[in-house]
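As structure tokens, here come the structures.
Common to both upcoming complexes is chain A, partnered first by chain B, then by chain C.
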Partner chain A sequence: MSSVLLERGRARTRWRRWLYGGLGAAAAVGLLAVLGVLIPLDWVTTLSAVFMYILLAEGWNILGGYAGYLNFGMVTFFGVGAYTAGVLCTQYNVHPLLTIPLAGIMATVVALLVGVPALRLRGVYFAILTLIISFLTQVLVTNLDITGGASGIYMPSLPFDPFTNEQIFYYAFLGLMLLAVLLAFIIEHSRFGYALVAIREDEDPAEILGVRTTWLKTQALLLGAFLAGVAGAIYAFHTSYIEPQGTFSLDISIDVVLMSLVGGLGTWQGPVIGVPLMLVTAQVLRILAGELPFFGSTIPPEFDRVVFGIILILVALLAPYGVMGLVRRVRGRRLTV
Partner chain B sequence: MEPVLQVDSLSKRFGSIVALERVSFALEAGTILGLIGPNGSGKTTLLNTLNGLYRPDSGEIRYLGRPTRNLRPHQLALLGISRTFQNARVFHTLTVSQNMLVPLVHARVHGAEAQERARQLLTFVGLERYQALPASELSGGQQKLLEFARALMTEPRLVLMDEPFGGVHPEIKALLLERIREAQQERQVSFIIVSHEIPDLLSLARTIICMSYGRIIARGSPQEVSEHPDVIAAYLGHAGGQAQTSPSSSVSSSSYFEQAGGHPS
Partner chain C sequence: MLTTISLSLLVQALVNGLLLGLVYTLISLGLSLTLGIMGVVNVAHSTLIMLGSYLALELLQRLGLDPIISAVIAVPVFFLIGVLLERLLISHVARASQTTGLLVLFGVLVVIEGAAILRWTTDTQVLSVSYINASLTLAGIAIAVPRLIAAAIALVLVLLLDTFLRSTLYGKAIRAMAQNRDAARISGIDTDRLSLLVFGLATATAGVGGVVLAMIFPFDPQDHYRWLAWAFLVVVIGGLGSIRNTLLAGLLIGLIETVSSVLFPFQYVYFIVYLLLVVTLLVRGQGLAGSQSRAL
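This part shows the complex of A and B:
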């Protein structure tokens, strides 16, 4: 009898949590939708970047966060997506809207080619291989005629005024970011997600229990690559110009890892918290750096990388599971009091 | 009747070390095989080879008549071979019920059905109250129970258990012994159980195999194995006399095995 009552109590608490969570999420989405028409242009641009990085970080988190495979190759899929859109649109006159899903598919194909051999490696070997692949792709794109070589590709612009243009990309990134967050939420609460966590914690027992570990990791990589490819395509149209050094910059991969780490690896909330925190910090630092004197000159804009490094050390020492880890610790304490 | 598992001349070396040397045995359906032997005798290597973690150098393994020596661990799990470990290897950040669902990631089992199966098995091992807790918060013994319940999630025909009673509280050990017996008798699950807790094993298994230096040195009923001079020598360093390397205490050879307190019928 008592166990039935206990179970009923648990079910009620679960429903209440889902209801409040759903209402909170709906309010946040409504607010972001309204903000797109209310805030000034530079904030629209900043928030678009935040949404894009959340999209990338959620994609990275599926393999990197849940399954614990440190992937420094996210920029490869992002760049492949950007260049697929660029090449198809400028050289084959494919409609820009059609190039976006095709970019995602192309990034997924590349991920499949890379992932099948790479995901048989574990730990640092996998991480190093993803780094090598990033550099190789960058070199390849720099030396191919079809990609415009080092000169890059000029993308067609949208036929609207700058503000409307920004708003269009704001809503495009917002919509995709919401889909990515939803996808991560579903994965986190599915058997697929549990199996990924099992791989992260102890891969051999996971396989012995029946988890097809290589296939699951490949699926995780493909999902992330598709999201990155789509993000890359929209980024290409947003910036109007893509070239190998910027589009395949390792900074993008490192930032995505760092942002997920700060927010909390292996949680759908991690990127949602970590990305704005880091991007706003970077933005503030960039503004401050331009104004503060530094040995007769001003602080260089790259100063934000130094601060990012300090944040990483602090997170590793004080909050190894990121902000979400701290939140869970506090919540756990409250439950046990 | 075809055995669940048939092992013929299985050998495995790690460099110059012979871990398994021409090991052969058969396991009937719904029976428990006890595997004993001093440390380093090849017991865990045998389990690792049976569930595909190691590939044998030579020999044949047949599960339900099918050769399995080239299959991967997940393929063997899907065929019905499950496993627990010497040190409980639960997934610490997952909850108890999430741990239970991991083996069903590829199974065509509806979510509600999977949850119900997990709930029933957790009730079976007395962990239903802890479903929502992270597995890290369970005691060592409870983690062993969780591992056992998790191993049964795929409804296996054969469960390999490595040291299930090691370092477990007597109450939990009694429950585990009872549940293994129930699973064997009511679900017709076969078990291979490696243990240093020889008295417990002798009360559970119909057949015992004793290994030493990768070879089977004795096999038979618990009575036969416990009286076998090679077994006594392997455990004690010499046949009879004062104990030198007894697994649990310094006792004479006969009193050590007598702690079994009777043999299964």
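This part shows the complex of A and C:
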């Protein structure tokens, strides 16, 4: 955030940089839009997953990255979104398209109920509370009748051929991801974003200096929850079957944190870099796992979890600002105030 | 007739709860020690517990060792694991910010859990010892033998640790360190070496805790989050003040679990414990963080 405030560069260079940035972004968006009809089916599916995680990570980053409140239960809002869509669609015959915004709203309501008291806690205690809330929600969903219990919900499928289906989800996730990235960009360059960073740097002085910390943290949480809820709803239609173990999996929460961390906490580019990086790593590891000998047998797919854990440790200790931190260091700029 | 049955059920639940509570005290002690003395929230604690369970399983299957012997073996093994972890990671974490420490320890959790799945798969395991289904009947109350042994081991270890911290010079130094690390350092206490000792002890209690838990419950590499929540609940309720308070909190959680499993279907026990943890964290989580002083 400091880049805009501290940089006393000439207006022209900055204008030029924005122009190039804008052109680059437009080219990237154009490319992704065209790719949706050009590339084979499995690539479309892989890229949809990348877009979904970027959407989640951008949502997580608002509170976690800018304000420094690590939410280890992001999957709560994702799962609530998925289940809202599932329940409304299968039991109340609500039109699928309508369930998606409703899922976002439901996730926001849940965030309001559980998150607002949680935000009274700081640091580690906030993280643990959000973690436990995701377990609590999972147990609740597993045992309620309306959610289908442990056997889950079969979602209605779209009336198209498989390839068209995948393309629809590709463009849905792409569009939402772009909105989320744009939102993060706007937040980063707004008073809202500066205030969140002030909370991260030192909350008490920020409050004394007139930052309405509670309200801003709440807003950050709710925005992230809404994005996660919408992502969850589309995910539900995409996978066509949701059950509590997978939909509320802790892996999703940890992956979102890890991907944001690797890309760079508190930067709008962070998730855009971190998500593909980690998903490609996972993919490569799975391919390698089929070839590398491992104590005489082949490496099972869980191998990538171990590598993810090691990456989490190393990045947290050695490069806490991720790829963006390294980029900014190379460019000779400071990341924080 | 009905009331006598439900009364004896209730008494049985109380006895079982107290026994379970001793085990819960043991698995929570390490979390309380590292948080209270070193200021490190060890979210990977439950994966160390899980490793303890698998140590017991391996020793039983490969060498036919009884878990009672495994519990003794677990002490030096896990003390060493703890010392290594402290040297490699925790010593760096303790100097970094709390959130960095949390991220690192989550990484440790993911690594240990993933490695355990690679090694032992996600299958549920039980320690099939000869006395697994044996039970003693005392005054009309049936007590499972494995549970009794587990509780006895837990009690011995808790008392040993309490005595160590109360009556030895090392214990005194650790208490001094908990109260004020800088002042302890100025007084000539080697706080770095003591951190090693504390984390080693904490890991050892987790390891033995895993061994005794495996005598009572089936286990797999992924259900350790349950014990993380249980241990946190004990720590949050008992506070960081003393091992005796941790013991009281552990017994309380044991009672809550068994009594609520008599009153409600089994799956609601999780719900109740998670909910309790959410509420107690909200009420006194930050207070825990603030009260760094530790009397023991």
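The definition used in the following text is that the second predicted complex is superposed on the first by the 321 of 337 C-alpha atoms of A that agree within 3 Å, B and C clash if a C-alpha of one lies under 4 Å from a C-alpha of the other, contacts with A are read in each partner's own complex, and residues count from 1 in each chain.
Here, a residue touches a chain if its C-beta (ideal position, glycine included) is under 8 Å from a C-beta of that chain, and two chains touch if they have at least 3 such contacts.
As the structure is a prediction and not an experimental result, all values here were calculated from the model.
Q: A:313 contacts which: chain B (first), chain C (second), both, neither?
A: A:313: touches chain C, not chain B.
Q: Look at A:123 in the shared chain and tell me whether it touches chain B only, chain C only, both, or neither; answer first, second, both or neither.
A: second
Q: Look at A:211 in the shared chain and tell me whether it touches chain B only, chain C only, both, or neither; answer first, second, both or neither.
A: Touch status of A:211: first partner only.
Q: Examine A:269 and indicate which partner it touches, taking first as chain B and second as chain C; both and neither are also allowed.
A: neither
Q: Touch check for A:90: first (chain B), second (chain C), both, or neither?
A: Neither: A:90 stays clear of chain B and chain C.
Q: Which touches a greater number of chain A residues, chain B or chain C?
A: C
Q: Both chain B and chain C contact which residues of chain A?
A: The overlap between the chain B and chain C interfaces on chain A is empty, containing no residue.
Q: For the complex, which residues does chain A have touching chain C?
A: Touching chain C from chain A are residues 68, 70, 72, 114, 117-118, 120-125, 127-129, 132-133, 135-136, 139-140, 142-143, 250, 254, 257, 261, 299-300, 302-303, 305-306, 308-314, 316-317, 320.
Q: Under the touch definition given earlier, write down the residues of chain C that touch chain A in their complex.
A: Result: residues 41, 43, 89, 92-93, 96, 98-104, 106-115, 117-118, 225, 229, 232, 267-268, 270-271, 274-275, 277-278, 281-282, 285-286, 288-289 of chain C touch chain A.
Q: Under the stated contact criterion, what part of chain A meets chain B in this complex?
A: Against chain B, the touching part of chain A is residues 3, 10, 191-192, 194-195, 197-198, 201-202, 204-213, 216, 266.
Q: Hey, which residues of chain B end up touching chain A in the complex?
A: Within the complex, chain B contacts chain A at residues 51-53, 72-74, 77-78, 82-83, 85, 89, 91-94, 98-99, 101-107, 111, 114, 128-129, 132, 150-151, 154.
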